[in-house]
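I'd like to ask you about the structure that follows.
Chain nomenclature is as follows: A, B and C, assigned in order of appearance, with residue numbering initiated at 1 for each chain independently.
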Amino acid sequence: MTHKFKVRTSGKAEMADITREVHEVVRENGLESGVCHVFVPHTTCGLAINENADPDVKRDIIANLDKTISADFPYRHAEGNSPAHIKAVLVGPSLTVFVEEGALQLGTWQGLYLCEYDGPRVREVWVKLVKG
Amino acid sequence: MTHKFKVRTSGKAEMADITREVHEVVRENGLESGVCHVFVPHTTCGLAINENADPDVKRDIIANLDKTISADFPYRHAEGNSPAHIKAVLVGPSLTVFVEEGALQLGTWQGLYLCEYDGPRVREVWVKLVKG
Amino acid sequence: MTHKFKVRTSGKAEMADITREVHEVVRENGLESGVCHVFVPHTTCGLAINENADPDVKRDIIANLDKTISADFPYRHAEGNSPAHIKAVLVGPSLTVFVEEGALQLGTWQGLYLCEYDGPRVREVWVKLVKG
């Protein structure tokens, strides 16, 4: 079974925290020990794990990727969102996190983020739990 | 059990569509619900999910990564393919996709791609299905 | 059950080989066929698979990422390690490798690496085995 929830992003680029929502899927489904796979069915956003404390980290990640994968390039794709496609490929569409004693196992500073690069949009997040 | 198939890439860099081949592995093995892991046993190619409609997206991804991870750098590795190794690390060697009702679950615009950065070569793709 | 081991990195940036340690977890736990998930509970290091032969490949990956995700940028995060956070997002915190006949399945040239970007530190690596 795939569990699904929606995320409404609010800017062109954003790291939207989905840690609580994924935690809830794990809790509600009573998985004691296993793996939690998270996936986005999109091509201009991705999933990442990074710092959940200082919001400047999110801002720096977005700002530097904007410079690194510059909009100023002879792209051919007519929709104008090629940088978003490239960032999505680099960041990746999936994450795998462990579950023990009924809870998602993350490091102290880790949060789960949907990385929006072509917003604002309503995005879907898919979650699948595997025992193990 | 690991299922294997080969992909013959035709250029130095290429995003080779492997969606159909992976779909077939899922179908032939009768997995109803679970997870499909895909892996490449190589160090100069990777796996990505991205747009399956406009081929200009693939072209833009390849062209921009060529600029971002430039060949014009004081690399030491004597084989001359260091940019391919770096791109492979960034894109990653594995993908995890969900399976429901016997079918691979992808977003409308998503396809699975072997990202060749040091071709042309014959590459192997490994697939493993886990119930869940 | 999650298996854990520590890695002591020795430089600011380093690709620390963890192939042997992960192999051992697989062997000691007697998994015949399945999937080995590896995860780091950190936000300034990542996990990658790349060449295990010429050490110049590791050196080139580190050197080029230092240029691509430059320290010379108007970062706001006061700790000064924003490039490490960005590299960790791009490389990713997890890997999925297959297990058959009791052994980790890797390509001839592949090794598993903890990619340190903000060392030296003592890092944790988490491993979880799923039958399949």
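Descriptive notes on the structure:
Following the convention adopted for this analysis, a residue touches a chain if its C-beta (ideal position, glycine included) is under 8 Å from a C-beta of that chain, and two chains touch if they have at least 3 such contacts.
On a predicted model such as this, the values are computed, not experimentally measured, just so you know.
Rotation relating subunit A to subunit C, from a C-alpha superposition: 120°, rounded in steps of 5. Here subunit A and subunit B face each other with different sets of residues for the most part; under half of the interface numbers are shared between them.
With centres taken as mean Cα positions, subunit B sits 20 Å from subunit A.
Those residues of subunit A in touch with two or more other chains are numbered 68, 90, 92, 96, 130-131.
Of all residues in subunit A, only 33-35, 48-51, 54, 56-57, 59-61, 63-65, 67-68, 90-92, 95-98, 100, 105-110, 115, 130-132 touch subunit C in the complex they form.
Interface residues of subunit A, counted against subunit B in their complex, comprise 1-2, 37, 39-43, 68-69, 73-79, 82-83, 85-86, 88-90, 92-94, 96, 124, 126, 128-131.
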